[in-house]
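Contents: one structure, followed by commentary.
Each chain carries a letter (A, B, C and D) given by its place in the written order, and its residues are counted from 1.
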Amino acid sequence: MDFSSFRVYDLEQPRYFEAPIFPSHAPGFVYALHRRHEQGASQARTSASGTIFMAEHSGTHIDALCHQAEDMHLYAGQAVNSQIQTPTGFTALGVETIAPLLARGVLFDVARAKSVERIEVGNPITSADLQATAQAENVTLRKGDVALVRTGNGALWHDAPAYLRAGGMSADASSWLASLGVRAVGADNVAWDEVGVIDPDLQVSLPGHLILLVRYGIYIIENLNLEELAQDKCYECTFLCLPLKMRGATGSPVRPIALAPGNGQS
Amino acid sequence: MDFSSFRVYDLEQPRYFEAPIFPSHAPGFVYALHRRHEQGASQARTSASGTIFMAEHSGTHIDALCHQAEDMHLYAGQAVNSQIQTPTGFTALGVETIAPLLARGVLFDVARAKSVERIEVGNPITSADLQATAQAENVTLRKGDVALVRTGNGALWHDAPAYLRAGGMSADASSWLASLGVRAVGADNVAWDEVGVIDPDLQVSLPGHLILLVRYGIYIIENLNLEELAQDKCYECTFLCLPLKMRGATGSPVRPIALAPGNGQS
Amino acid sequence: MDFSSFRVYDLEQPRYFEAPIFPSHAPGFVYALHRRHEQGASQARTSASGTIFMAEHSGTHIDALCHQAEDMHLYAGQAVNSQIQTPTGFTALGVETIAPLLARGVLFDVARAKSVERIEVGNPITSADLQATAQAENVTLRKGDVALVRTGNGALWHDAPAYLRAGGMSADASSWLASLGVRAVGADNVAWDEVGVIDPDLQVSLPGHLILLVRYGIYIIENLNLEELAQDKCYECTFLCLPLKMRGATGSPVRPIALAPGNGQS
Amino acid sequence: MDFSSFRVYDLEQPRYFEAPIFPSHAPGFVYALHRRHEQGASQARTSASGTIFMAEHSGTHIDALCHQAEDMHLYAGQAVNSQIQTPTGFTALGVETIAPLLARGVLFDVARAKSVERIEVGNPITSADLQATAQAENVTLRKGDVALVRTGNGALWHDAPAYLRAGGMSADASSWLASLGVRAVGADNVAWDEVGVIDPDLQVSLPGHLILLVRYGIYIIENLNLEELAQDKCYECTFLCLPLKMRGATGSPVRPIALAPGNGQS
């Protein structure tokens, strides 16, 4: 397979302490260098390395199916009990069960379609918005695809308080995507769903988490950077995402990329 | 790009506490679940998540160029000083500077070529071994490729003490690969090089680390699982590896995959 | 208060990575130095500091009352629910509720009384052993005291596998101490109780944890070093222990000391 | 030793995530509960416990002598080199070398003596202030004592931004205390010294750190809570502080207490 004629889009936000983090996952990402290159070592070669303390839901990451439950059941009716949910992680539906994601990706640049800089809180993205966006972009979402929804919020990554005031999806946007049989969804905001709103039908917050992860077994990727993809109006791409097989974890940091025919400069 | 006719090989070893770890990077990987699905929550939807404490050089991982220095200089003559090497990581040549690796991969199944179960300590892999292996496999390594060297040790991942007694590369194997202009190298052992041996010419331990990372700017991927690839005699593949952009870190856990024409079952 | 005529006994074992740790609390204690004294700083004064990753039950530590439950109830009938037990710790009976311990301490040197080097597994310390020891030492335990029981195991701290094979208390030793109204108990082993034995009456492992923490509200201190105190036959002392007020934690590392009339050399 | 007629003052601030932290030591203190009391366990007794990630200089803590250097030398002329300063901590002058502190404590309630609510930035406490305070309190500091200086800032612990704007000591206050041969000093602020000011004579920031730790070998205790002691005008006390013996660490969280004759209610 020859990638030389493809452009590579990097969809991961940079990782650093004090990057935006959803409060449940604070302090997010902490890196400390403890082995150093130092004068006076016993040989010419020296090594440096460090330690990482992080939430698996920090930065750009994918949610495993075990991350969410509805009435104490995970996806596919798997009951939560102490054999499944343990102090060191889940023995079913953990992030290590996610196969590499290699799929057609479709970008829904909703911010552009709605002619706004970014989707604001209080005005969540609906299925109608997604359908109008697809029509404007002349793309069709298909079974097995990964749906990438741009709120425009990704441009605010370096301003954590602004980033965390992000808008997001309504429940019916998630339901529509689920009904099409997508393999995964992703967005350039902190929680896919609009934060802090109770869905009137489902009576839960973050309804997309319940619909997608628990009811349909569809992965959610959060904190994507879709700015470059949008700038190039790259509405169809080859999407690659390789979650780490951390046994029992409820998610994984990832560096998704998108490939699209182009001049091969990434 | 259609992957449906390709087979996906997963080259990442599973991550869990007490997996093999090079002593400098102990305790390796620790995951603790702290948010739980619980009865009696205020709504039907519940979330579970945890924290990770790990060395960036735990499990299957890639070494950034700042990981190694020779006489206090990194790759390309970059002097190590306190502007470059800081308590929270490097400001040059950190892992966040590694572009996604999408390249032709060539598997050198040296264990098979030498008709041994695995390469033992005391008998490191030489450039002659690599050349004989390539000839036996009828493959040619080219500039920009990723060289994957199988010692056979990857099959021992679940037996940490055995795994850590791994054999590895001699300095001249690294030199030969570097001379061909590969983009990255990888192996199914803990440190690429044979551990604990001082190279007589360079007068350093882990000479490949010095040659590849410092002198040539070639990345090293460690703790790969090459068993399945070898079993299928898949000597040429498309290799994909997406390091996390952890600012200033000296490496990143990764889940590399190999793609090869096949029946599309992974 | 003048301490100059008192001898100070240090009852804390040293803390370091790979010190003995009960498996549930692995990897125990990890310290990494990340800020360094370095040449070429902008001023003559430089700072060094690091990060600690640890289990609160690592090394010499005290158990908070919330550490244990019986049929989902903590001490004093406090039901465990999601208001009390949260992802970031307990909102009742956490370690921050332990007042400084300043009490009369009584050393039960059972190993000496039984003329053994140390109490072995399979032969747990009984109330009869404690009473015989007190008689041999000519001391009387009183309400409010801290009972320090020496198994002899503390001398093995630097040999983790040997240390972890420690003997410990039977249920009736804990019951007897509880009946006397002690404020806290402590021992020079990993878990106070003998590990891995189901008490025939209570049908639980670690019965002392249930009796002392849940039923009587008596703190347990583990991994004490009682060697020096025993050597000096110091059977009565002033015991001081100052748990850290880590909100919601189930225990705290501590450095207990014992004071006894003496030459003031510590 | 009978403590029943003594009042115990607790000088430790509570520990929790988002408590005030000096920026170099962020994120301070993080506790996550991972083992839980759960319904349906195999026996009636259940255990809960967690993990702690923290800087050793978080919350109320003591600085070890290795924490500071002057021109790459620690206290007593100990040169900093790679044998002394290692990735896992210091092999000399680490916090594990601090003996239990049992000493006469003298409270300098400077805020009260100056009739201000708290010492503000820009107006650091001088030796003259300390002497005037001692005179007003009718106490004399002696060799071997612990000097506790109240800025009034401790009352702001629960308001991190306000707390971190604290005032502190001038260099000459530290010099005067050092000249008297105190064993340790402590204050109710984040860094003893006033933060962010370069001392005109020493040409360093945090000059007290250099004077006390490096030149005199005197420990510094930070983030004390001296409010209750001040309220009771308890200017002389018995001061107890028991640093954890964390091998090689540059400091330790502590829970210091003060004892004073009283009604025995703590």
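Just so we're on the same page, a residue touches a chain if its C-beta (ideal position, glycine included) is under 8 Å from a C-beta of that chain, and two chains touch if they have at least 3 such contacts.
The structure presented is a predicted model; accordingly, all values stated were derived computationally and were not measured.
The minimum number of touch steps linking chain B to chain D comes to 1.
In the contact between chain B and chain C, the residue numbers used by both copies make up over half of all numbers at that interface. The interface holding more C-beta pairs in contact, when C-D is weighed against A-C, is C-D.
As a whole-number value, the distance joining the C-alpha centres of chain A and chain C reads 45 Å. Chain centres here are Cα averages; for chain C and chain D they lie 25 Å apart. Looking at chain C, residues 17, 24, 30, 32-36, 39, 50-51, 53, 87-88 sit in touch with two or more other chains. For chain A in complex with chain D, the touching residues are 17, 26-27, 30, 34-36, 38, 40-41, 53, 81-82, 87-88.
The residues of chain A lying in touch with chain C in their complex are 24, 30, 32-34, 36, 39, 50-51, 53, 87.
Chain D makes touch with chain C in their complex at residues 1, 3, 6, 8, 10, 12-17, 24-25, 29, 31-33, 35-37, 39, 43-57, 59, 66-72, 74, 80, 85-90, 96, 99-100, 102-103, 198, 202-207, 209-210, 214, 238, 240-251, 253-257, 259, 266.
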